[in-house]
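Read from first to last, the chains carry the letters A, B, C, D and E; within each, the first residue is number 1.
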């Protein structure tokens, strides 16, 4: 019997994941051993963990490295995404505590779970082996199922968790099947090797097995990023999940999905670009259109933002179709700005809500802008950014995405995209219509700002406005984060 | 003096500004009146000086242009704010300032006690300024400022009694109809400018420059189009067919306004404009014919309407339209001098008559007011026998009537006779000559008839007004009668400066004076004139006598019907009720216009608004929104909440995607 | 020698049956079982490929899939229990609070 | 012989899996599923993956299915009342059939192209399947293996959070 | 110093907004006063632009700083003005204090927000006018929408929400398509060596006709909505009617100019061939717009709506002049933009004044106001006649030049038809004026109306002054803009494919001699219609497909 030769372990590559996991485990222990009604300290601790991780992540910028026999990698692409995940996690944690207190499901486990989910996302972004990606995705999913159903006293939350779980597992089946077929066609699960093999063996799109594998993987990722027609879980789950988790889910996992999607398709399957481009084209159009158009009808603001997040996935897919530097950088930038604007918007939604009835109907916002002028302005900034109106980051992001498509020659896609944006304006404006153009009918229950909230909102506003007005540095980073 | 020509419009402007801004504070009517009258009088003095200076120059040198500043310069287009003094404009400024001064003076008395006294004088001054700009403008655009400016003032003054709906309507109608004309003017200007620019590379709208280049213009063709457009402008301003209907309505304004604007000055602007551009018009024989025909037609058409009106001012208004027709007839037959001559004499006698009628109305109003009666002070059926109560008014009115009827030796005789003679003898219109002359002659007959009808109804016979108030009918004060006397005098003797050659008693000063202006036109005219047919002096004498006879016939008929046999008109009316009704209702032209233009425009506007804008355009917009919302509702329906459906959607998505790639 | 295609087709059949199960059953647990069946079908594919290709990556993958299945089972059943506590049912047709 | 055996196992697997989705009683479904899993384990053995067959039994049949049956018992779930509408069933079945047709076509039409590895039956026989798996797992796929620990931890925490007594 | 003036005046109001936030909401007087002060200071600060402007075609007061440098994109903060934007900037800074004053008392609620919106709006408008960088322009162009949206939506009339949303989405649709074209243009430009987004890089690019066509259409749509041109005008009456006075004034005076300005500055010089190709279409729409809007205005019952429709007609004139593409037309068009800003702005102020007193805008509710409000009547009349285009007022000069320019160009017949709009404008304006101001003062509610107070006179006087000044002495305005407009003309006419001509001509039309004359014609002289076919580019179908897939 030979000795097992452990390959070179480059711990630096997985340092962020390790740190974050350790923090999560530590929090679990603390949660068990330290009694107390308020669990806010866990939140702050996890923020500390995230900050530490952030440093660890950022320190890797510009020094690409590979680890664990090529199952994971540290490159700028992954780092950029990891930063997005960490920001999303941190901001969501900032707004979690109060919400849980209000809803009466103040359990400390939520913070480790968020951290685990974040670890999963980071693995998805950094994984260069289908197995790593798959496992990362599962770590993320399993955590998210729980987070969605976290408020177990609430039937809506239960339902959201369960639906998410069933559909997520279902989609996992397809994703796996796709991976299996890809494995069968190429003989490996490592993205780099897949690409190398395809190039070397001269496999092209006539290889149905590879093609089918690609398509099935695409459906799996499409489910994660909520692209039509695999989007249908999104509104229900977003609506039912605890709002801070909705905020988190709408940003982090989506970004993670895109990270993996991009890596697999752009690194492993560039040879099939001609094939998947059209698939993604159709997905993009469907996603944007369905998301936006359905959002028009929504009365529930959480649900509306859920549909809007579908639409945003569509915009991002536009950048994906482009597949060029601009488009891909656009995706990175967009996901970053989307984190700020969407979580910011959800933060406001939490503030407007009350226990039990969350005041999530758009009409509940009547007069909100006058009762709470600063929050109102903040909400406007987020909504305008979501609508893609300058000078908010959302605009620059869309600009970049559509630019990519235009540069690659997909003018019609860009046109459909901008028309969708125009339609989307309507439902974002509707919120403002209620906030400012209508008189308030009743009192707003629970606008009690905690420092955490203020911090979150400040970060969000800054994160929307600074990249909006001075996007240069961010775009530059996004450009540098590309693996091409 | 010539260099100070800009003073002429400036004085009225100053008067306007003072009265306009401070009139309300001044309050004192005498001061306001003095300012207004003084302003125009100053202009008159300057005009006299200019005339003198012009007379002192040799005929070829009687052209002077004063450039104030460049007004518009854009591309090749350049319009200076510049004034042109030549014999023609000299005549016009004399008429405008002279008659203007008199009417201002008159107004002090006439408008006494009116609420908006200051406003009235301000407008009047503004009008004078605009009119002076019009006549002095050295290029079409300055002329156009005046052209529209007088339209504006006419609007303001007609609408002076703005609380009366009819006044407002009339004002608007006047302006809009003028605008129709202005539209033509503009197009004409564009055409001419374009033609010169693109064909001769002469980019100008300056009259003298055009004149210098006019030899380049072809006969007919584009010139016809341009001149016809200009003529449309003239019909608007000068109330010719088909745009005349505003003028009778314009009598809603105070009487001095009618005298100044709607008789003496503004309405003659069209004639002046044709005179100013005679060298262009003459190059378009078709246009000349149109001008002549329209002029003649208007002359007789308006005259017929005039015979049946009972409102004293309305009769005068139709008479004005008719006389303007004469002027256009003159222009159309190439008798520019005669046209301008008639313009001048008409200014005298028609202003005199309007002021006289004003005097009558003033008196009637006063009397009726005294008796607390609400009869119409302008209705001639209420008048009669006023000659005893108002002798000065009567005499001046009477001589003016003689003048308009064309009785020798009153001024109208000379000018009108000249026109008729020219219509008969002009070498341009071939066989149409007799028709033109005949129409003119009949119109002259009608003129004599209805004018004397007016005189007889007003001043002769028995007073038909309530005897209680009869005693309150008094002659107007001096401030009113002095202008009447001056104008009456001018109406009487004004004709002598333009005595026909055949008479030979005096040289035709007027013609000589204007010769340099129309020289070029007559030169161009010769190239297409028919046979230089020479008519004998005898024929001219004969026609002259004939026209006097015609006038006398008209007078006699009037005398018979309205003095001797006063029942006859009613009999006539009862015999031909339809005809009378048609004539009385002005041949239903207003109704026709309403039917043809006004109502369709309104209903079309309504249709466009409520039909197209709201239903179609907004319908498409809102419809798109609704459609999208419908889609939204439908797509929302897919989101049934059932996990199965979601899973189904996913599975179908997978199947579809796979199927597409596998079976393509 | 048995062609690998036989295994692949068997797994395709099982996968399809699993899909049908997910689409037609109402009981959340049964649906989850069907998902497990789909995963197993994929596992079969993996192992068949692994055998055919002569490398073990596929089998390693199966190993992880099983782990995942276990984790999912734990979480999923916990969710079902939580839902059941509130709703007294795990019929997916009863999960219709969130819609439109 | 091998084909026959395969055919038999495959038939059982298919029948039992059909039973899974047709049985009204969840317990019966679960039992049928266990049968399917056994069949699959058999096939794994045929595919020279005995270790996988073993953990298939242990993990799936042994752990997961037990858990499922346990939950079914716990929740005392009765048979589905009525089931879905025929319409929906038909649609679902058709979708599955379509999916099958498609995957079948894909498999049928494609020749396997993947890179061949060094591990053949002889090597498995010589070194042993478990050892090979183990080596691979602890060298090349060490990281995924470690990730499973996080995954399972998260799952455990989740399960605990969702079902622990005190809120 | 010169470089910063533009940035100064643009961002001064922004600074004002920040300071405004520190003024307590209750102190309405201070809020208003402060805003007024900011706008006045901005206006004063903008005066050096006029005095310091050197009459040539160059961009002046230019400031260029790198802004975004990422990937293929290089956007600069590049601002500057030429004769075209100079007057629009001045118009903006001039109108703002008036707008602030106009709703001094009309807006009593949420004063702070209102003032902030006005100032923000000013930032957007000025920014759009001074941007020489396409991207920067687009940003400001969009930014403008937000405050206007709130102004209409919060302080507007009864139907304000509909109007505000309609306004926003209408404009948004167009501008987003423009964004697509703009990006595409940038990539095309990059291929030919454009270093950044600055406008100057994209002139004379010789794009192929198909590309030009769709890019032009995208730009044209955005601008046409803003103008607004028939049939995209329906948002305007709604927006105008519902907006508070200041909103209407700014909308009419400045915002609508964005559209026409866009044509002159961007759509035409960037896409010369497409411009040529679409001139008939746009001229047709302009003329239809003139007549249509006039007819519709005629039957309006609401004064403000009437004025709004008159705006559509006026801008039809502007568009016609601009597309005449000769000096007269362009100058006329530009001047008409300013005129419209002044006189329609004034009309909206007037409507605002009576609305403030009577809270109705229905024509039938008025009548005979002249008697009660003589000063008002006078001012109203002056403005009315300016709007009608009476010579001596500003309206005339612009309208005249537009028509003249159009007449001298290929658009002769359009000019003739458009001229009839001159008549119609008199009809609807005077009719409205008559019904509001003339007649008996029989409505008892009108009998107690007060004449203008000093504040209202103060806001009207500068406008009245401008009406006459620009009417009698438009020279300084025209002179300053001429070189820049000449440049636009050369740019737009530059790319008649002269090179292609000799090859095409012998085959296509061997005996068509006049065709050869067109390039040789002196600048400013319109090409004859007969000359068109030869110089006209082949139809897009015949060209190599330049359209990306």
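We adopt the following convention: contacts are C-beta pairs under 8 Å (C-beta built on N, C-alpha and C of every residue); 3 or more make two chains touch, one makes a residue touch a chain.
Keep in mind that this is a model prediction, so the values were computed, not measured.
By the document's definition of touch, common neighbours of chain C and chain E comprise A, B. Counting only chains that touch, the fewest steps needed to get from chain A to chain E is 1. Overall, the chain located most centrally, as judged by its C-alpha mean against the mean of all protein C-alpha atoms, is E.
With centres defined by CA atoms alone, the chain at the far end from chain E is D.
Of the two chain pairs examined here, C-D and B-E, it is C-D that is joined by more C-beta pairs in contact.
Each chain gets a centre from the mean of its Cα atoms; the one farthest from the centre of chain C is B. Averaged C-alpha coordinates put the centre of chain A at 30 Å from the centre of chain D. Averaging Cα coordinates per chain places chain A and chain C 25 Å apart. Averaging Cα coordinates per chain places chain D and chain E 69 Å apart. If you average the CA atoms of chain B and of chain C, the two centres end up 96 Å from each other. Contact of a single residue of chain E with at least two other chains is seen at no position. Shared interface positions of chain B, defined as residues touching 2 or more other chains, are 636, 639, 641, 643-644, 647-648, 651-652, 654, 658, 662. In chain A, 131, 135, 138, 142, 145-146, 149, 152-153, 161, 163, 166, 170, 177, 181, 183-184, 187-188, 208, 211-212, 235-236, 297, 423, 426 are the positions where the chain touches two or more neighbouring chains simultaneously.
By the contact rule set out at the top, the touching chain pairs are A-B, A-C, A-D, A-E, B-C, B-D, B-E, C-D.
The residues of chain A lying in touch with chain E in their complex are 325-326, 329, 370, 373, 384, 389-391, 395, 399, 402-403, 406-407, 409-411, 414-415, 418-419, 421-423, 425-426, 429-430, 432-433, 436-437, 470-472, 475-476, 478-479.
Looking at the complex, you find that chain B touches chain A at residues 625, 628-629, 631-633, 635-636, 638-639, 641, 643, 645-647, 649-650, 652-654, 657-658, 661-662. Interface of chain C with chain D (complex): residues 1-2, 4-10, 12-27, 29-30, 32-34, 36-37, 40, 43-44, 47-57, 59-60, 62-64, 66-75, 77-82, 84, 90-91, 93. Looking at the complex, you find that chain B touches chain C at residues 636-637, 639-644, 647-648, 651.
Looking at the complex, you find that chain A touches chain B at residues 163, 166-167, 170-171, 174, 208, 211-212, 215-216, 218-219, 222-223, 228-230, 232-233, 235-236, 275, 279, 290, 293-298, 423, 426.
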